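Report on one structure; see the data block that follows.
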Amino acid sequence: MSTEPVIRVENLRKEFRRPKRFNGPLGGLRTLATRQHTVVPAVVDVSFDISPGELVGYLGPNGAGKSTTIKMLTGIMVPTSGTVEVAGLTPWRDRERNARGIGVVFGQRSQLWWDLPVIESFRLVKAMYEIPTPRFDTNLAMFTELLDMGGFMATPVRQLSLGQRMRADLAAAMLYEPAVLYLDEPTIGLDVLAKEAIRTFLAELNTTRGTTVILTTHDMDDLERLASRLILIDHGSVVYDGDLTTLKNRYAPYREVVVQPTDPALAEQIQIGGTQQARVTDGKAWLRFNPEVIGVAEVIGAVLADYQVSDLSIVDPDLEGVLRQIYAQRGNDDVSDIS
Amino acid sequence: MTSLTPVAPSGIWWRLRASAAIARLAGRSMLFYRTSLAISVIVLLVQIYALSMVWTSVYADRGAVPGSGGVGDISIEMQLAYVSLSVVQFWALNGWSAYSLQQRVREGRIGTDLARPLGLLWQVVMGRVGTIAACLPFAAAVLVLATTVGNVSPPAGLGAAAGYLVALLLATIISIQLVVLVDMTSFWTLEVTGIYLSFSLVSRLLSGSLVPLWFMPEWLRVLAGLLPFQATTFTPVAIYLGTLTGTAVWRALGISAVWVIILGVALRLSWNRVLNRVVVQGG
Amino acid sequence: MITRIRRQARMYRVLMGAAMRAQGQYRANLIIELIGAIAYQGAGFAFVWVVVDRFGQIGGWGLAELALLYGLRLGAHGVFTSLFAQLMGPISDVVREGEFDRYLTRPVNPLLQLVTRRFNLTVVGDLVGGAALVVAGASQIDVAWTAPAVAYLILAVVGGAFIEAAMHLTASALSFRMITTQAISSAIDQLLSTLGGYPQKIFPIGFQLGLTFVFPLAFMAYFPATVLLGRTDELAVPGWLAVLSPAVGVILLLAAYGFWRGQIRHYASTGN
């Protein structure tokens, strides 16, 4: 695998100039006529390199600058300053050439032709990307099998279920073997089985074909399952860039033991030296501890020695909790939607 | 408004208030599309201008030209007045509506509409009333403009004015009936656009909004005279200008009244069929 | 350069074919739709016909000449709508809802993708109506229909289509500034219908010049008609300008396309 990055982003900056809004009686008119602008920074000095074959999760709270960055990467938007290189091309300058090498899948908007059978959409993709017929046939056969699409190839897209549509969208994006795949919420609204199918397919693409994948998603399981690297963006800047384990260790350097005493009323009173009671609910106590300071066996031993316990489990910090914490710390108001 | 269904006396005030509410709603939604409305008015003015130029050109230097159908000589002033009045009238009565059955069907709101206590047909009718009412100020403005430019003069006497108002009332009713009938075709056919456009041609031509009946070839004039379309545009304006007088006026109004009844019956029958299809068969 | 054009043309055929097939999924009686479309456009000519029936001429032009004029206008409109009808649609919705962004991620000209997104069969009605009128009118006129004349006729129709396309393209480009342009497109459409069927000499000079240099309707059908009918001495502008109508169409369309591309650049820089 080449060490030359496939995506190079350096000091990327995007500022939006919005006309200054005036309030008051002639507000509307003044807003229309004004030459004054407020500068709204959306992306501020973002830099990262992505090597070929990486599967990167790109996260941030809403309004953090995620979609703006992706737009600049895909060539839809022109940056205010900074450089973006995708496979050696500047996306917005060489838009059509760049387009040939990228696949873009939006979870909420299909790229397929709504009224036509699925297979026709694939043929249109073949025409648009000028895919040689042998390669098209091979890929189509492979994806049909991998994604189990045989049953609905002849069905018009508007009659497909969400899961079927997503699979078809993914196949359409990969037919021309792009080097980079941008995914936005690929598993949104899908049932468990469908999600699993998508994730398996993406993992397969990434390992066997070495497709670089940039994944933007709210689904934590997607990330845990697929992403080897996470880039967190907040208020336009990169907050974290690395793997999941390090992220958790840095921001959530703890584990928890959940203790359910035989007498639920006693849950509140459970105290173990070296641990902290993080939460008590439903007659269970969450004991939080730093595994580098006190071992899990020690904690469990202490609990069992001091209390009558009906159930006990070990919980590792989940990604969602970690992210929630990070965003809360950085002063985001809305942490209910954490990605 | 005309309704062939007897209304219980106790319900009439409620009916009136509800009807007015729907009309107001339809009227207000027209304002929502005020850009389209403004453009529509500009196009209206251009239309009047263009047609006036055409008539001025064909009249050449003649002061008056004989018209057919017993109306006598038509002076250039009368013809220009006809253009202004007829085009504005046609626009106000047949203007595109923000409240149509077709749209409700397309948007899937027909179910909730049917569930409302006030009959759906009545709702649609009142919707049209509201739309027309919203157009009236603009129509009036355009006519005032036309008058100041000298294209339009006051009615040819008190009798003409009175006849004009009665004819206008009948014209409004028939317009609404026709528009609703066409609107209803959306229930049993997919070729709505085709039917609507065909209707548009027929209506524009035969109503006299393009060419007054007195300049039409004889066969067309007779045909148009028997159909309801001319009642919406030609008849009121012809009375206003004094080209129809005496018994001719009564005859024209009589034909209009007959059409009100015929169309009313057609509406009621079609509506029953539509209800049957939608409610019983699930449309 | 040639390969690029051929590629775009092939792409247009493929995508338009898809749009047509998509439309075919909705089984409506196409004949009625077609008749409706013809009827709608025909109303304007019905007016002309009735007036001529009574008065013999409009502006000195007889029925056959007026048919030629109206046919040229309708034919141009038909060519325009069969190629670019989507330009009259809700472009700002396409932009706002992200569909246009999708076009930008594909290696195909976004304008091409935009005009091939849907297909409406009623456009054929305009073409058929226009062709019928042109043939009907031309056959009755005492003009020698030599090969150059016929060629000029075709050029005129295409040129007229280009001018109409330029108008709608310019209006559509404003959608990138989040201006709802459907009303403007509708206005253009209605004005062309209202004014396009008459020989412009019946209008005052000022209005004629307006219809030449401000709202270039004159180049769309009237000027070519005067050239074909040998009536260029009636014009308020020099005859050679009228002859160049098709060229004016090409120039205006290129200019409009440049404006369109500029607006996309603006959109890419400022978002919406």
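When the chains are written out, they are named A, B and C in that same order, and each has its own residue count from 1.
We adopt the following convention: a residue touches a chain if its C-beta (ideal position, glycine included) is under 8 Å from a C-beta of that chain, and two chains touch if they have at least 3 such contacts.
All values derive from a computational prediction rather than experimental measurement.
Central chain assignment: C. Criterion: smallest distance from chain C-alpha mean to the mean of all protein C-alpha atoms. The count of contacting C-beta pairs peaks for the chain pair B-C.
Among the remaining chains, A is positioned farthest from chain B, on the basis of C-alpha centroids. Spacing of chain A relative to chain C, judged by their CA centroids, is 47 angstrom.
Taking the mean of the C-alpha atoms as each chain's centre, chain B and chain C sit 30 Å apart. Chain centres here are Cα means. That of chain A falls 58 Å from that of chain B. Looking at chain C, residues 26 sit in touch with two or more other chains.
Only residues 26-29, 32-37, 39-40, 42-43, 46-47, 50-51, 53-55, 57-59, 122, 180, 183-184, 186-187, 190-191, 194-195, 198, 202-204 of chain C touch chain B when the two sit together in their complex.
On the side of chain A, the complex with chain C involves touching residues 16-17, 68, 71, 74-78, 92, 95-97, 99-100, 102, 104, 106, 109, 111, 113-116, 120, 124, 127-129, 156. Residue ranges of chain C in contact with chain A, taken from their complex: 10-11, 14-15, 18, 21-23, 25-26, 97-99, 101-102, 104-108, 265, 268-271.
Those residues of chain B whose C-beta lies close enough to touch chain C in the complex are 35-36, 39, 42-43, 46-47, 50, 53-54, 56-58, 65, 189-191, 193-198, 200-202, 204-205, 210-211, 215-217, 220.
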